[in-house]
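You will see chain A twice below: alongside chain B first, and alongside chain C after that.
Right after this comes the complex of A and B.
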């Protein structure tokens, strides 16, 4: 039985080139299905990686209760003072708490590729701000001077938007700024931002002494509870305390779900279309070998080997399609830079990421198409009557 | 038996094969139709009145406020008829997840600027008169089940009152529809004055102003005049048509059009290959029959036409069913997403393009097999054993 099956299967696979037209169409149509699925998943996981990469467990972010997003939050100067003395916050080199009061406003910039205006985040941060971003490093130039209209610009901003080269003068609204440095936080969401001194933003945008958020380095990730309890018990503080990771996970969730919810149904619909194609191709394959299969029956082969052989053919074609689709998506899309509007109403630049996990899911979908598409034709192959030897 | 019958019989001689091909064509057109309808949803509000209405925002960005006093100064510009200021409210109901798109407006001027919003006359009067009144769009009625007479506390995730509260108590006084089903009704409007008087911060400012002019032909000049008024002030302005503003905003989400083109392209490439190869094979199987037809006196062009018609027929059966399903699906999706997107459906342009695609698909997949069929040689085909 086993020998028979192997023999028929090999015979079958070797004859694929005789039906190369249909076989190629099957492979390519399945490749396209996988390509569409992986394209969407690469978008979702690239976006997730950018946003998740920004949040660390040992940085706490404090917003006004109910504000949900930085943009809507406001924290008064008095509240910031109270927080400076709160427990659970690590101390810097000079013994002062590692805390950064931040305020961001939205500014317009021209996108290089399309020449259209897009929102960018202009963030004013405190002295310790950069220290609270674990992978922060200056790529070019120097940091801004406190009190000066100077900017340091994220690497993604410089790549995607016009007019942010080192030394250039940038006009944002009525004010002129000088770009004095380019920074990177390892591809995280902060690379899509422009940074300057907190006091300058408060001043130029008439925000008084208020800020939007306070970030603080925790003595250890577990101390978020200590800080949260302290803030909860202090009636003068109406703040929500989150780790930065939780904050970003919450704000990225919607976009990621939206992309995945668009990708899967489309891929499944297309898979049904490709399934019809594979089914058809397998029927053609079985039809073409009617005499051959009947001859095998006549010389004593069972129906089961014919069934297995047809199934293997379908699965091999589908698997090839899956590989081609995954490979092509990886070559075409992996690392492609894109940007979209994030929860803070500002652009988040991210790179498409074709992950191994997604590629495996794509190939699995391809094999499912092969199994379903091959099943009925394979049964037909197993039930070809002996008399079909005389078929023309 | 005429040619049409022969074409039909040929197409369905292997019924399962015809059905499978129909399914794969159907799916490509279903995807095309649904994505086309979605794209319409994103480009809503870029036609009609939006082309003529101007909108003024802060030049830094539309999320940055402008002083309320600008309203009077813009009203003075020659050719400006109506000036309707509005502010983001950032509303949510009970839980922060239940977002309610909401604006604080000056009702009288806003309704004058947006004549496409349709009210019951008595409700409209009540909304304009009542200080704590809110008007809600039909889509919100569906989403939250509110009705006229309800009193709701609407929370703001942006603003705070002087007493620290973030909730404004609103009476729902009116429900509005849009005149022709093409504008979104998924938002709530409340009185600017009621909103402004209790604000803890950011009082006497607004986020955008909608402007109706006497003559849309003057819009370029008027935009420049308005922006010139505030040049070199701490809050400079940027004035464009509402359509251009909406389009710029949608573009910020990314190149949705390009993504849709890729997906639709992939779907059509799939069926082109599947249908194309199958048609070639189907005609090859019939080589002997075609030779018999030729022997019976069928001319080569006639056979060419018959095979081409067969491909076209297949393409239209699958395409029309797919398009019909897409229209139904778009209707369902539009109802399900009325809270986020304006009403959408297949446009006439979508339908015509789809029909163009059906013709193209039929021709492309039919030409090669038709050519093959035409060139069948009787002696060779019938000579085969």
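Right after this comes the complex of A and C.
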């Protein structure tokens, strides 16, 4: 049986070039399905990686109780003072607490790729703000001077938006700013932000002395509970205390889920289309070889080898489609920069990431399409009437 | 099988098709015996049931009623699997359009029936070489069907039919697609296989010249056989 099956299978596979048009259409339609799925998955994993990269376990973020995002949070100056004396917060080189009060506003700028204006986060931060981002490094220029209308710009912003080169003067809303530095946080969400001195943002945007969030370096990740307990027991503080990692996971989770939930149904819908394509191609393949298959059966071959051979052909074509789809997606999208609206109604720039795990899922989907698309035609191949030996 | 029993015995054989609401009888209550070593040409007008009869003899179709016996064993009621094994062991088929696998070489085509046996790879190769030599195609073993003429393809098909050493060769219009001189060469090859290798050959043809190469000519008309005498 093994010899029979091998012989019929090789016979099938060798005859694929004779039906290259239909076979190629099957491969490409399945490649498209895998490409769409992997495109969405690459978007989701790239976005997740960008947001996850921003979160740290030893940095606490404090927001107004019930506020889901920085945008709708408000922390008063008095609350900030109370937090400066809270336990569990590490001290800086001068002995002062490693805390950064932060306020961000939405600015807009011109995108290089589309020529349209998109929102950007302009973040005012305290003296220790950069220290609280472990991957922070100044790539070019210098930090802004406190009290000056100076900006340091995230690497993604400089790459994706016009007017943010070092030394350029840029107008954000009614104010003009000078770009004095370019920074990187290793591709995290902060790379999509513009930073300046907190006091300047409060002044130019008339926000008084309030801030939206307070970030603090913890003496150790476990001290989040100490800080949380302290804040919970202090009646003058109405704040929620989260690790930065938890905060970003909460913020990103919805977006990632949305992308994945959009990707899978779309891929499945397209897979149904590809299934029909594979089905047709395999029917055409079986029909084209009706006389050959009948001849083999007349010689004494069984129907089962014909069934297996047709299934193998369908799976091979689908597998090739999966590889082509995964390869093309990797070549076209892996590392490609894109942006989407983050939880603060500002653009978060991230890179598509075609992961090996996603590629494997794509190829598995392709093989499933092959198995389902090949099954009924394979049964037909196994049941070719012997009298078809006389077909001309 | 003893020396006097026939190779084939057809008993009260009928074949009917249903076409819509109409039942068409191809032949009815047909009795016939074929001896081992015979070379029979079955002739008759189109639709007389020549090819249908060949299909029944080869176990690729089943009668509506009646029995087909081969060497005393009834074959028409065998299961599909057993009938496939019977075909592999006892029958070699030669078709009008050769029915070779276009992507395989001549040798690979000829080897196909041997894949159903327990022969080793070397033994299979030896058998394939012998079969191709017998039909004069030893030097074309590596050629694919598309690289061969019609006559050469039919020779390869004959080699495939004899490679497993079946007792009977069933040929359906084996020269129907060939010119006269090539057809004669093929028919001489069949005569050789009959005379020197003792193969029983049953050939369906509409060509009297082809039929004249056989030992017996049976004319099938309106469901009845009429044997033409031969010298």
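One rule holds for everything that comes next: the second predicted complex is superposed on the first by the 392 of 392 C-alpha atoms of A that agree within 3 Å, B and C clash if a C-alpha of one lies under 4 Å from a C-alpha of the other, contacts with A are read in each partner's own complex, and residues count from 1 in each chain.
Here is the rule we use: contacts are C-beta pairs under 8 Å (C-beta built on N, C-alpha and C of every residue); 3 or more make two chains touch, one makes a residue touch a chain.
Since this is a predicted model, take the numbers as computed values, not measurements.
Q: Please tell me, clash or fit, for chain B and chain C sharing chain A in the overlay.
A: fit
Q: Write the angle, vertex at the C-alpha centre of chain A, between the C-alpha centres of chain B and chain C, to the nearest 10 degrees.
A: 90
Q: Which of the two partners, first being chain B and second being chain C, lies in contact with A:386: first, second, both, or neither?
A: second
Q: Looking at chain A, does chain C or chain B touch more of its residues?
A: Higher number of touched chain A residues: B.
Q: Under the stated touch criterion, which partner chain does A:15 make contact with: chain B (first), chain C (second), both, or neither?
A: It touches chain C, and chain B stays clear.
Q: Is A:351 in contact with chain B, with chain C, with both, or with neither (first, second, both, neither)?
A: In the superposition, A:351 touches no partner, neither chain B nor chain C.
Q: With both complexes overlaid on chain A, does A:298 touch chain B (first), chain C (second), both or neither?
A: second
Q: Is A:25 touching the first partner chain B, the second partner chain C, both, or neither of them?
A: So A:25 only meets chain B here.
Q: Would you give the minimum C-alpha distance from chain B to chain C, in Å, for the three-chain superposition?
A: Here the least C-alpha separation of chain B and chain C stands at 7 Å.
Q: Once the two structures are fitted together, what part of chain A is touched by chain B and by chain C alike?
A: The answer is that chain A has no such residue.
Q: Could you list, by residue number, the parts of chain B that touch chain A in their complex?
A: 16-17, 20-21, 23-24, 27-28, 30-31, 58-61, 63-64, 90, 96, 155, 157-158, 160, 164, 166, 201, 232-236, 248, 251-255, 262-263, 266-267, 269-271, 273-274, 276-278, 280-281
Q: Per the contact definition, I'd like the list of chain C residues that touch chain A in the complex.
A: Going by the criterion above, the answer is residues 51, 55, 58, 60-61, 80-81, 84-85, 87-89, 93, 95-97, 99, 101-104, 112-113, 115-116, 160, 172.
Q: Considering the complex alone, what residue numbers of chain A touch chain B?
A: Counting only chain A, the residues touching chain B are 21-22, 24-26, 28-29, 32-33, 35-36, 39, 64, 66-69, 71-72, 74, 105-108, 114, 116-119, 172-174, 205-206, 210, 238, 266, 269-270, 272-274, 276-277, 279-281, 283-284, 338-341, 345, 347.
Q: Under the definition above, what is the set of chain A residues touching chain C in their complex?
A: Contacts found on chain A: 3-4, 7, 11, 14-15, 18, 291-292, 295-303, 386-387, 389-390, 392.
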